[in-house]
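Shared chain: chain A. Partners: chain B in the first complex, chain C in the second.
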Partner chain A sequence: MAEPAYTVASDGETTGEEKSSSAFPEIAIGIDIGTSQCSVAAWNGSQVELLKNTRNQKMMRSYVTFKDDAPSGGVSNQHTHELEMLSGASIFNMKRLIGRVDTDPVVHASKSLPFLVQTLDIGVRPFIAALVNNVWRSTTPEEVLAIFLVELRAMAEIALKRPIRNVVLTIPVSFSRFQVTRIERACAMAGLHVLRLMPEPTAVALLYAQQQQQTIHENMGSGYEKIALIFNMGAGYSDVAVSATAGGVSQIKALAGSAIGGEDMLQNMMRHLLPDSEIIFSNHGINEIKSMGLLRVATQDAIHKLSFETSVQIDVDLGNGLKICKVVNQEEFQEVNREVFEKCESLIIQCLRDAKIEPDDVTDIIAVGGCSFIPKIKNLIMTTCKRQELYKGINPMEAAVCGAALEGAVASGINDPFGSLDLLTIQVTPLAIGIQADGNNFVPIIPRNTTMPARRELAFTTVHDNQTEALIVVYEGEGKKVEENHLLGYFKLVGIPPAPKGVPDINVCMDIDASDVLRVLAGVVVPGSQQPAIPVMEVRMPTVDDGHGWCAEALHRTFGSRLNLVTVQKKMQQ
Partner chain B sequence: MSRRKFWTPLYATLRRNLPSKHPYFPASSVFKFPSPTYSFSPPSPSSSPSSPFPSSYDFYSLQNLKFPVRSFCFSTGSEEQSSARCWSCGAVAIAAPFLVCETCRSVQPVDHSVDYFHIFGLEKKYDIEVQNLEGKYKDWQKKLHPDLVHSKSERERGYAAEQSARVIDAYHTLSKPLLRAIYILRLEGVDVDEEETLTDPELLSEILEIREAVEEAADPLALNEIKSQMNEELNHWSNSFATAFRCRKFEEAVNSIRRMTYYERVTEEIVKKL
Partner chain C sequence: MLASSSSTSFLQHPLPLALSSKHQPLAKPYFLRFRTHKTVAAACSAATETGQAQRPHLNFPVDQMASAASLYEVLGIPMSASCHEIKTAYRRLARMCHPDVVAINQKEASANDFKKIHAAYSTLSDPVKRACYDREIYGNQRRPYGSSPLSSAAAAAAMAGFPGRTRRNWETDQCW
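And then the complex of A and B:
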């Protein structure tokens, strides 16, 4: 057998942070892996440039097709027709699936994709498979992403004529730290080292900061502060950021995000056109996959046309006696996706509120991502921000990757004589991090939108007399109840000196350092003593693996409320 | 009486044991900081609620306010500054505060004798122009932020992380009236006990009344009304604090802080409900 064309390094947990010792710093490239499309950009010495593949494309579809021989992805390969991608042999939407368990609604929504997404609904990773010669060949989102990244890397190496190792990747705001580890793992498998991960809208904010900086240079004006609201909506995710920019420094004021995007609109429309499509296609037989593909392509076209026209005629023969012949207008499209639009609106409102910024104080409204072309999306952004127009100086499809490439150059220590890289983004935590306490409540210790690096500490105490053990269960997210959040890990404190309930002080400290590494520390102090009663526990998070949904259930079943904690404030109120 | 007095902040016990970067870097590399002002000795008994290793991360978290009393043994005068030398190139500090070397641009180790007002080039007084803080904050971050010294030595990256975090805290503390009030009072050696049991029956009943009103508020309109009421109160007590502090009537100043703390908490509750 021939050497496989794609070598994926071992599926190890660590990325191996070795320092390159060469005199010339390697300039990290920027990669924007979209749910649907992907692009790569790099600093060329004077500006950021998008890299092209051999077919001269800057935007490449994010998918990998499995075949008898080596798999191939959207960088090297090109389907003659969209339908080929929908034959069941190609896996796409990796970004929606990565790091999610089979109880996640986003995974459930992916069951209507042509490839196989199977769930057992017990909180483990879903089963994902591609159809190769009538055989369902299993894979994982990490593996698919890694194969895709290997292609991207090869493409960048050809374009830049140098080996590539360091990358800056953009990620959705709503990604949990667990999902981030999956992305890092895929990169490691592809031989890439993640120098930095940037929430997508903050990459756009960086590009905006550079543009403002240059305008100031040209006009010799004073660098007064500019507030930008960035709304980014692609196929898989919606993100909002508010940034305050002056002198090339953008302080992120607030972030908000959700796993809602063009894919949801597409599925809502498919359901609208063929109400029992999910049941019809649930078997994933060859014919059903074909029908599914036809419906998907027809719906995609219709949505695209509705960006320019008020109504569109859909005429498609799905085979098996299924025909759709229907006129769909703008109003119908908006009604079908009302929840999506409402969610977008609420994200913008939440982000402005968290940033403590009034719409009137926003200098520029920037809309980027594939969905920013949809008229209803543009309208809702302008209405929510009380504005007549959007910022025009940024290419909506290239903004995130350009920002990532700028960050790549800055983080690699590159200096530009003209000051184009005189930039800095000060990031905030996109999600709150806390522990389970006061029953099954999520008690944040580091709130969302805290400037990083950050360290916070909160006091808890026992709920039972002579409770000698306590379970520290760490979650990340925005829900009030723990089950609405992402589990990051857990550990047990043992040896708490016996005392009446409420007496021991259990301090939990969370620390996010300059490299964005999260550590959780827990210690016990008995009143009257200066020293910790037992050695302090220090745990680097996340510690969970793929079965984390199942894990939380098991913890609850095994321990119940025996090892619970309450916040000290709560106790004092009682 | 506050139970909080009894515990030493967790980070204090661990501050320097914590590898700032990676768990597999030897801890000793973190211990090497030859900072002249850094002290690793345990706190004196009189300063029990304070930390021997003043981390500046948590000043803006109200219930966690801790304070490095130790750092006030130093005067903040520039006489000491002038003798400071860059750890990297040995150049004598020109400007104060000396956070970055003017000659080689190396980030300097944290000097806790430099207070937050000093960092922002401000006179140590309560009434400050908050709008001017952000610009200075960004100027500092451009010189100090760990992202910008990524390719430098482990040692300097450590300094950058500490300095940058301290500037973030300074910015947060100075830009929020309540935190600024508590901070400036502590610079005078007056500690405010956050968890102190309320004894003023007048304030107690007022607080209960407001709490009830918040509970019963039916719509955002009603909540917003209470919120603007709270804002007025905050402004009023902020002014009272300013006056009291100026006249060095610290007891009155503490009383104003107590008031502000409660109105701030109500505001937080309202924001949560909105």
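And then the complex of A and C:
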């Protein structure tokens, strides 16, 4: 295989303009970068086909091992034993770490991984390093992902015998726009151009739409709408989507997602088997890493076995006199992970409620992802949806990547004589986008589950007499307070004509265009005037690079409530 | 929730300024391009889902509203269309106008078209919002009650006794 041509030193960002610049003669491939496993699929002219690496694998472990010479990932390289991946030299779970700051609980949970994840808890990016010849060599999730994507690209180029540039990627529903920019940067570093990004369950919904379209001739009620609930749970994330499908159009009604997955269950089980494991492993010495790896492999095996058996015997010697000999049964596993299961259930309920769909109206329930094999997960989905069985026509491990490949073919303008590509996905916003107002409240302007493209606006006003400046701080998320949400950017509106508080009318508009680019516009009107008082500001978001927590704190420290805004509604109450 | 309540407050905005005229010149060229299309304004104002700050466009003079294409015209369906027909029309138009299916140089125009179509769909596919909207256009067109087919008959019946502007306020209170 050719030497990887990644340009890790490059700071060149993929520009959004590029997204819509030229026609794409080549067929974009679909890539599903999983927290634990990765796969690539492409439209072969008549159907979607999963691509295999030189070892004939369709699913490849997502990791990169750092060595003296060049790093190598799970596509080209294969460890003879799982333990090699856990020696400290390999970085994995990058999808859980990408675009997160060191105050994030998900980053903290990653500290029990065999490589180094160090946090200063000040809202900057965590320090991540791989152990190479007894040296902790620093890297970033973007770099690791880029190295991995270079291998995937090389693999796809060999399999398809053509250069690959355009890709459709699947991402978790809960990814913020900032995390999306990190994924795009990793792709740019790997020489890939992101044609479209699809929340994972919407890729599954598209595959389902295609299947329904194909079976149209078989059933008579062809044009009728089918409602699908898609639950996707992998190692790192859980996502739910409710889609309405008919005539090849997959209309997403609602999305819900959370950074909860198999990794959480694994860590809960590890803690259950060895309660002070975190303390024992915290110093990341060579021996500790080895013990941690042994425990991880044993626990993972046990969880896999529990998908088919009622109880499992765990027998592992961790060295340093630490031995675990224990029988774990289904009930114990479910009790240890009760919170995980409760969260899954609440995501499904929330998604159905947001879609305004009753469980009885759902035609098919589709469970995909590695965790969909867990009996408790299947049960809770069926119980929540009041159903006896799940949809069987979809391979749980391949659904997302196949959907992405379909979208790749559709987005590349490929036509299929049999109409297999007569497809469209109508997407919604996975998270609300809004600004800070009414103190430190988050006021959504584009709510979650708004059909895209979208444009919404909301009126605000000043909180102080003669306030001539206002700080517009843009967040994305679901929390009521700004600090619970993700900072996307900020700008200052200056030159507001002096007036008593509450008089200037400050209009903030958010626009998500056809290429999924977010722009925030703000303008001021003073009563009695027909014209905007100052030129309208238009800012493309996200603008914030790293260090979000730190940045929000600095804004707060510098400006306090001096440049705050209130919603017009709030003003009425005062 | 927030969206709807905020727009309510917009209606109660103490400023004497006419809201619709105030918004139009606010942000050029974006707001303008978005606003000048009468159908868009009509669609957005009726799409209660959108809520925020769109509401002021209901303050359009009555005749101006009447001259704008109705949401039914946006979707190309009769006022008697069933829920199924509305959904089918929406999908058919989405297949033609969604930015994902048009040529790259038409994306922006198609995004605006699609927003319009979706606003019409989201109002008409919701029975409550549709009833509100039907009352509204019936009020504006001052059609006799009996002549309306199906859904609007119910709407017309519901608004009996609320003539002219009183009806409008009543409808506003109920829907927001």
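Just so it is clear, the second predicted complex is superposed on the first by the 550 of 574 C-alpha atoms of A that agree within 3 Å, B and C clash if a C-alpha of one lies under 4 Å from a C-alpha of the other, contacts with A are read in each partner's own complex, and residues count from 1 in each chain.
What we mean here is this: a contact is a pair of C-beta atoms (placed from the backbone, for glycine too) under 8 Å apart; a residue touches a chain by one contact, two chains touch by 3 or more.
Owing to the predicted nature of the structure, the values given are computational and were not obtained by experimental measurement.
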Clash or fit, chain B versus chain C on superposed chain A: clash
Which superposed partner A:451 touches (first chain B, second chain C, both, neither): both
Which of chain B and chain C A:517 touches, first, second, both or neither: first
Contacts of A:145 with chain B and chain C, given as first, second, both or neither: neither
Chain B versus chain C as contact partner of A:443, first or second or both or neither: second
Partner chain in contact with A:507 - chain B first, chain C second, else both or neither: both
First, second, both or neither for A:164, with chain B first and chain C second: neither
Touched partner set for A:540, first chain B, second chain C, both or neither: first
Which superposed partner A:251 touches (first chain B, second chain C, both, neither): both
Overlap of the chain B and chain C footprints on chain A, listed as residue numbers: 225, 244, 246-249, 251, 410-411, 422, 424-426, 451, 453-459, 505, 507, 509, 511, 513-515, 521, 523, 525, 527-528, 530-532, 536, 538, 569, 572
Touching residues on chain A, where the partner in the complex is chain B: 17, 25, 195-196, 225, 244, 246-249, 251, 353, 410-413, 422, 424-426, 451, 453-459, 505, 507-509, 511, 513-515, 517, 519, 521-523, 525, 527-532, 536, 538, 540, 569, 572
Contacting residues of chain C [partner chain A, same complex]: 2-3, 5-6, 8-10, 12-13, 15-17, 21-23, 25-28, 30-31, 34, 50, 52-54, 84, 87-88, 91-92, 94-95, 98-101, 104, 107-108, 110-111, 114-115, 118, 122
Contact footprint of chain C on chain A as seen in their complex: 20-23, 223-225, 244, 246-249, 251, 410-411, 422, 424-426, 443-445, 447, 451, 453-459, 503, 505, 507, 509, 511, 513-515, 521, 523, 525, 527-528, 530-532, 536, 538, 567-569, 571-572
Residues of chain B defined as touching chain A within the complex: 3-4, 6-11, 13-14, 18, 20-23, 48, 55, 57-58, 61, 63-64, 134-135, 137-139, 141-142, 145-148, 150-152, 157, 160-161, 164-165, 168, 172, 195, 274
